[in-house]
Every structure is written in C-alpha cells, then in structure tokens.
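For reference, chains read A, B, C and D in written order, and residue numbers begin at 1 within each chain.
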Amino acid sequence: MTVTLADLNRMDLVAFEDAVGEAFELAPWVAATAHAKRPFATVRELHTAMMDAVRAAPRDTQLAFLRNHPDLAGKAAIAGAVTDDSKREQASAGLDALSRDEFSRFHSLNDAYKAKFGFPFMICVRRHTRDSILAQFERRLPRDKATELAAALQEVFFITRLRLAAKVTGEGAPEVNGRLSTHVLDTHAGRPAVGVAIELYELTGERYHSLTTAVTNADGRTDQPLIGGRPLPIGRYELRFAVGDHFRRRGVETGDPPFLDIVPLRFSIAEPEGHYHVPLLCTPWSYSTYRGS
Amino acid sequence: MTVTLADLNRMDLVAFEDAVGEAFELAPWVAATAHAKRPFATVRELHTAMMDAVRAAPRDTQLAFLRNHPDLAGKAAIAGAVTDDSKREQASAGLDALSRDEFSRFHSLNDAYKAKFGFPFMICVRRHTRDSILAQFERRLPRDKATELAAALQEVFFITRLRLAAKVTGEGAPEVNGRLSTHVLDTHAGRPAVGVAIELYELTGERYHSLTTAVTNADGRTDQPLIGGRPLPIGRYELRFAVGDHFRRRGVETGDPPFLDIVPLRFSIAEPEGHYHVPLLCTPWSYSTYRGS
Amino acid sequence: MTVTLADLNRMDLVAFEDAVGEAFELAPWVAATAHAKRPFATVRELHTAMMDAVRAAPRDTQLAFLRNHPDLAGKAAIAGAVTDDSKREQASAGLDALSRDEFSRFHSLNDAYKAKFGFPFMICVRRHTRDSILAQFERRLPRDKATELAAALQEVFFITRLRLAAKVTGEGAPEVNGRLSTHVLDTHAGRPAVGVAIELYELTGERYHSLTTAVTNADGRTDQPLIGGRPLPIGRYELRFAVGDHFRRRGVETGDPPFLDIVPLRFSIAEPEGHYHVPLLCTPWSYSTYRGS
Amino acid sequence: MTVTLADLNRMDLVAFEDAVGEAFELAPWVAATAHAKRPFATVRELHTAMMDAVRAAPRDTQLAFLRNHPDLAGKAAIAGAVTDDSKREQASAGLDALSRDEFSRFHSLNDAYKAKFGFPFMICVRRHTRDSILAQFERRLPRDKATELAAALQEVFFITRLRLAAKVTGEGAPEVNGRLSTHVLDTHAGRPAVGVAIELYELTGERYHSLTTAVTNADGRTDQPLIGGRPLPIGRYELRFAVGDHFRRRGVETGDPPFLDIVPLRFSIAEPEGHYHVPLLCTPWSYSTYRGS
C-alpha cells in the first residue's frame, strides 16, 4: 500500500501516523512531530523532517527508540514480535537462513554489543551482505558510546529512507537504489561480444553464491542490470564471463585448452546507492576491466 | 648420474646401452640401433637417432614396445615393477596420490583404452595436469588405431626427450622446459608494484591447489619464475595478486571495502615448452592482463 | 522544403516529379517510373523503387544519366550550371575550397577518368574527405568499365539516398547518418574525467584541420556527438585530449613535464553510417582506447 | 683520452689537474682541493670531492667560477673561445644550429638573466631539448638570487658529472645515462609483433623532428634502445608505430581504411637518468600503453 505525497500533505494526524508512522519502529511520536511540518515539497523533505524529530529528541528518548528495535538475527526475529518491515529487511541479507554457527556468532556479537551500548545493533541490512554485517560488528564494537549512538541513528535513517521510498510516491523520492551493470567488448573483432554467458556471484567467506546469470545482447550488454532497483549490498562479488565459448563460436584460434576460458572479475561494492559498471574488454589473449560509468 | 655427449660418442655398445638404454622403457634394441649412428653432434641428434630406431621398427615391435610400458595410475606403478624413471614421472602429476574415485576412474579409462588399442595409455605426465590427462583420455579413446599408435609414440618421444635431457649433458640439449612468469605494474603510480603477494593455483575440476607463492621485487617481478626448469603442465591456472594491500600500503583511496582486493587471473597453459608471461597492470579501479613475452 | 511520404503517395505525376524528381540529377524519368509503384510503405521503399528504375534502364540510358552529372571539382561546379543539391554536396568535403594544385590534380584525374569511362567520376562526397576522394580516384581509375559502371551507380544511390532522406519525412527513413563519440574515464580516480578539453582533427595529407572542440561533462562524455546527424566522412582523424591539465587540476603528481599531456588518438573511419565510439581510459602514466559501441 | 681512477689516485698535483681539472671550467683550484682528498674509492667520490670544493668556496669565488662559463648559445660558443667540452655539450641540444629568431630569443633571455644574476645561464644541455631549455629560462628568470645560485651550481654539477663519467674509468661510475625503449605486443595474436616500423620524434614547439627509426625484432623489441648511452633529454616525444602494415601483413580484417594505421604515442621525459619503457599493446581495434619498467 503506497500513499502519495500530496495525500499525506492533506492528512490529519491520525491518518498521517497510520500511513507513515511505522517507518520509524514503534515510535509514532516521530510521525507526530513531522506532521506539524507539513506540507512537504518532496519525499526527501518528509524524511528529513522525521530524522530531525529523532535528532532533536533527548538522548534518553533516542536510546529508548533504539531499544525498541529487534535484535539482529536474534530471538525477536524468530518469534515474529516485530513489524513486518523488520522481518522483510532481515531476510534480505540471508539473516533468516543462518547456519547454527553463524546464528550463534551473530547472537554473541549482538549480546556483546547490547551489553556495551545498551541498545541492539542497528544496521540497514538491505545495504549489506552477511560478510559486511559481520565486518560492521567488528568495526563498531570497539567504539565509544557517543560515536556509536550516531552510527546507530544513521543506520536507522538508511532503513527508514528505504521504507519511505517504498511507501510514499511523489516528487523528490530519495535515491535509495544502486546499479551493477557490465558489457563485453570483443577487441579482437572491434565489436560488442554477443551471446556471452555471464554469472554473478557473491563471496561469503571463501564460498561463492550464484546471484544471477545473463547473456550479452546485440550491444554486448545485458538486457537488465545485474543488480538494480534496490541498494547494492556492500560486499565482495565475482563476475564470470564465458569468453572461451565466445571465441570458439567465432572460430578464432585460442590455444588448446584456450588461454582464456572463464574470465573472473572480482571486485567489491562499497556504495549501495552508486552505479558500478564493470565491463570486460577482451581478446583471446588479453583482457581489461575498470570501474566505468 | 649424468653422462657427457662426448663420453657417449666414445662408448662401446654395452656401456652405451647402460648409459642411455633405459630412456626407452625395456627396449635396449633402441639404444643398440642408435649406437651405430655415433658420433652425435648434439643431444637432439642422439634423441632423433633413437626415435628413428622406433619409427623404423616393424609395427609388431612398436606394439610390443608400447605394451612394455606400465599402466598409468595402475597396479604396476603401485607395485614398483617399473623403472625408476616411470615412477618419478607418474608422481609429478599427482598420479601417486589419487583419491579412490580418481584411481578407479583412471583405471577404468585405462582398461577401456587397452582393450581397444592393445597397449597401455601413453602420456608424458610431466607435460600434463590431472585434468588434462583425463581430457586426453577422452579425446584419444574414440580414435582409430593408426592415429592413436602415432599419438602414443609421440608421447613416448616426449617422455624420452625429457629422460635424455636429464641424463646427457653437452651441445644441443633439446628444449624441454617452459616458463611461467609475471610482473605487476602500478599504473596509478607509473612504477613497478613492489611487495605484492602473489599465489599460483592449479585448477583440478572445480578445486584450487596452491602451487607456489611469491612477492614482487623492486622491479615488480618475482625473483624466480612461477614455474621454470621443467615443462609447464598443460592445464588451468589462477594467479591471485593482493593489490588491495599494495594500494593500502601506498595510502591510496580505494573504497571501503576496496574495489579491487585480490585480483584473480585465470588462464590455461597449452604449450609445455612455451614461455607464458602473464602480467598485471593495475590501478585501484582498473586492471589489464595479456599473454606477453 | 520537405514533403511527407503520405502526401507523396497521393500526388499526381507532375507534383511527384516536382517533389522528388531532382533527387536523381536531370532524370525526371526515374521519378516517373517510381510514381507508378505508389504507394510506398517506407521512404526506403521509395528509394528502392527509384534505384530499380535506374537499374532497369538500358545501358545507354544509364550512361547518359551519369553523363548528366557535373564534373567533381570541375568547371560546372564553379560556373553554377548544376542543381543546388550538387553544389551543396561538393562543398561538404571542401571541394569548393581547393588550392590551385589540388584543383588541377582533381581536374586531371577527372579528365583521365572521363576519357576512359565516358562519364564523370561519381562519388557521394558527403561520405568522404578530400583524401578518401583522391584514394577512390586512384582505386577506380584502373578498373574495367562494367565494374566501374556499377560503382558509379552505387555512388549515385548513396547521393540520392541522402537527398531523399532530407526531402521526405515519414516511416522507414533510410539510415544515412553515422556518429562519432568519445568519453574519458580517469582510471586513476575510478571516475569519469570531467572538464577535459578535446579537439577533433581531420588529416589531409600530412596536415591537420581542426573540425570541432568539446569539453567532457559530468559523465566524462561530450554533450553532442563529435560528428552526428550526417554521414561520417571516410578518412583519417585525430582526437586530442588535454589529460595533463586534467591531472594538474586534480593535484596528481605526473612528472615535470607531465609524462602525458596532450594524448592523441589517431584512427580512420571506414563506415559512414556506422557508430564509432573512441574512448580514452587514462591515468597519468598509461592509457588505452578501443573502438567501442 | 680516459684515465683510470687507480692512476688518478697515484698522480701528483700537476698530473691530476691536467687529467681532470678541465671538468670544472677554468677552475683548476677545484681539482687542486680535491687532490688533497685522494685516494677515492669510486668515481662518484671523486666527483663529490670536487663538488665539495665548489660548495665550500666563498660566495665571490663561486660567482667568479660561474662567470667563467660561456654564454649559452652566445658569442663565445660561436667564436670558439671556450673549452672543447663546452662546445660539444652545446651542440648536443641543437644549440649550434639555431635559426636567427631562436638565436636572438636565447640571446636576449641570456642577457636578461646575466643582467639580473651577474653570471651566465647554466644548464646541462645534454639533459635537455631546446624546448626544455627555453622552459628553464622562463622558470628560473623570476627567482631570487640565492635560489638561482644553488640551481646554477646544481647544473654545473650535472655537467661535471658527465665530464668525469666520460674521462675517468673505474669503480663506482656515476649514473649519467637513461634509456628509452619500447616493445610491441600483438594482443590479437597473443604474440610479439614482429617487423613493425617505429619512428621516434622530438617535438620542438609544434614541429616534429625525427630522431631515429627502428623495426621490431622477433621478440617485438628493438635491437637497441631508442635512446641509450646518454642522458635522456627532458622534453616531449612522439613514437609512431606502423601497426596498419603489421595487421595487413598478417591478413587480418581491419577496415578500409584500417581503423588503426599509424599509432602515435606522445609523452614527455622528465628524468634524464631514468628508464622509460613505453610499449604498445594492440589489436586492429584497440591499443594501450603505459610507462613500464
């Protein structure tokens, strides 16, 4: 159920809270404070008003607000005692399908975190992979409380930005999506490489998980971005291109076995809202790649 | 124990057979025929004379000669009933350390091959990896007998060329060794990349076996070739370069996590006596490689 | 003055000839023959019908038709005795501004051509540079008459295709335009290179003529194609990129003088209706280019 | 006439001054001071002792020493009133073959310089091209006297280092030579490009002066460095590679005219004693270059 910004601007407090209050976990006061700031020219302004309400709240209120969030990968997520939004988000990084070991690792990190800071570990899971969530735990645990309170609120703001972008349509939608794309140029022929099979993997520890496959079209590109319409999860990836098959189809001499067969490009994504274009320029004997635009 | 070509040229038949007869498995007649062709100006000529003796032999003698060779990965290799040379060679491709499944796969392929052709599967294992031996089995099993007899003798000639190159010193040694090398150029700084950790893997099926590690020196090269002083085993390889650490040491902004961290270059070797130079030119945001010289 | 295909399809013979007859130089019979084939679903079909009229004509008629064309760079072009279309086309390759030497060279080649073939040298000048026109003269003069008659008619068809594309609007316009574009990627920073000055030159003999200048925008591209909206003249070009200034603005150490300052990319265009994308990927110490898509 | 370091170490003052005194223009006291520091373990130590003598001299002596040097491109060089070393060095940058305009430009800059600083403009011309000498004039004229005195002495030290390196043989020769080299790799074939014609130009203003030509050998390299055995003159250069001919000989389809024919690589040299390796990796449709090692 989406709502238009125009309708929101006209709503009374009850309707307004009903429409967007849930974006901020169990904190209807955020929506109430923002309601007084209507009308909003853009969805970004609406989000800013809600963030400002949190930023302006006394420290105890902020802490109470954070404490209302579910434990990441914790019991609450299993027992279903949280909002539907929370559940969907935790599923997105595979946190609903942890192994027993992973579950206890996350759990014990989360416990250490809560013991130190007094609120659960906040992270916008749709912007992360399992590996980067773990890396965040390890980076943030040693911090002092003031720094970490700010970091936790920033994560809440990432989460709520995504929620508002999904719920509210209208002018000035916040930029919440990134794009991962590629193209393959056959510099042996001076033409786009057509029909090249591509597979995208995510690295989790030392294991590769296949995320998607594609085949290059007449322009050497894929019809759809490899990842699009969502934040790019921070993490490590590998693209594999079946260039050996491509040159074999073209009848080009490439060695036996071919010098290049499956070409892997391994890279990391650090900016979930960025555009990563990772092309492959290749001959049977050479290739290059770059972060393009 | 090596022998000089000059000494060989002066030897009587008994001493000559004793010195180089074993190069051709259980076939002293090969050395005897070659003995009559002395003196040899080069080690290559000695090998040619021995190959000519085999080529000139009647087909039945050739077949008997091939039948005297041990089964690849077979009982003979385990029981120790073959020449020391054979044992060393079979160890080099890891054929002395097969899993039970691999052992029976090799065994059954070998049986099918012997049943069809009447002699054991010949292959110069030092020029191959396990995967390429398997690929050879599958390529050669369907062939007709005349084609395969020629292929089997060619493999014997590769084997004996290596044996002679190891035993006989002097002018005109046959070229039996290849070289795999690399270098890393930091095109962000316009200088060789110094201190970059490199690891070379062989691919067996979908598994990677680490073969060697190295660190680039002041010239961006490795002090030793990654593989040298031997034939390059035909097969698939992956070089991994720790470029993320390199740019971190230089204090260059590379993203968090860095766009490029471990860069893998995957390629195949098809020419065991060739020179494969596989360099990496890289910045924190791009790289290229090629088969160089 | 353009005309729509729909209107053309409804015109009587007189109006039709008036509208598109001039496309075929002094040959109203071409339009008359085509008129009988109405209606045309596409502009391409109209052109095909007109070409078919020429192809179906007796050889003498074809020769007479060719003889009606003005001499390239000849007196007719100077005296103004030809159609306006002819004049505009000859100006486009700089043929209206020849030096005295060039003028006599073209003139004497043209005379030799006419003496041999009995009709003037036909070439679609908008698809050529001065150099490639000269190269065409030298390639075509030695040919036999039948081959050259076909080549001359093909050039007429290129010319008339452009004329029709300019005069007739509607479905299925013939593809007459090419595109030359570029972009600059700073692989030192992993970003498009913004604000890089670019100059495009045409090579005439050993001289460079500046055709256009541009500056890269926020996406590292130029706001307009370097050449677009017309056929790309066959010939030699050089793009020059002021990358030294770019890295100086970024404060990057590049040497004194900088290793790379003005980077020239020299290339030829062979397909006037093609898309040539000629990008530059560069650091202060390296660069690469390719024919992209 | 060279002399060995061992002999120098044994010489009395008169012989010593006779052997190396001329290295420092009309300043036998430099050699005399250095003579007292014998023996020298390396030629570099000898040069250091002579530089130390200059550095330790009173400012007036240093100025007098500088004033004894000939005007660059001035009357003295024409009239032959200077040492033979000076004449040879000024010829090396083409300063003995200036046009009338260039001569007066150099002359008037030199006059302005002398008027301001009280000594002639010093520059080690073998480390420079005409353009970089002019650039040095413009950079150094605005400086204050102390800075420029140090710069002038540094240039004298470059000059005398070259003179000593030419005169004295033995251990620890100073590094005075650079090297410019290239190689051409055909990444379309995965092999060195053999037989590619290369021409090296120096840019003077907007003009190109051909310095040398070469053809790639079986390894894709040139038999000799493009510049070697001397300092690399600071300046702008262009390498041109006839890759169109190369691919035509190989019978590769490259377009008509070929997309790439003569590939120019334009770069500057900033370190006269450095190694500049400027290779070309190319296909008919792409190429790259970099400063290699």
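The working rule: a contact is a pair of C-beta atoms (placed from the backbone, for glycine too) under 8 Å apart; a residue touches a chain by one contact, two chains touch by 3 or more.
Please read all numbers here as calculations on a predicted model, not as lab measurements.
J.: Which contact partners do chain A and chain B have in common?
T.: Expected: C, D.
J.: Relative to chain D, which chain has the most distant C-alpha mean position?
T.: It is A.
J.: Of the pairs given as B-C, C-D or B-D, which one copies A-B, with over half of its contacts the same by residue number?
T.: It is C-D that reproduces the contact pattern of A-B.
J.: On a C-alpha centroid basis, what's the spacing between chain A and chain C, in Å?
T.: 48
J.: Averaging over Cα atoms per chain, report the distance between chain A and chain D in Å.
T.: Comparing mean C-alpha positions, chain D is 56 Å from chain A.
J.: Among the residues of chain A, which ones contact at least 2 other chains?
T.: Answer for chain A, listing residues that touch two or more other chains: 187, 190, 255, 259, 281, 285-286, 288, 290-291.
J.: Taking the touch rule as given, give the residues of chain A at its contact with chain B in the complex, in rising order.
T.: It comes out as residues 132, 135, 234-236, 238, 255-264, 266-268, 270-271, 285-291.
J.: Okay, in this complex, where on chain D does chain A touch?
T.: My answer: residues 187-190, 255, 259, 281, 283-286, 288.
J.: List the residues on chain B that touch chain D in their complex, please.
T.: 183, 185, 187, 190-192, 219-220, 281, 288, 290-293
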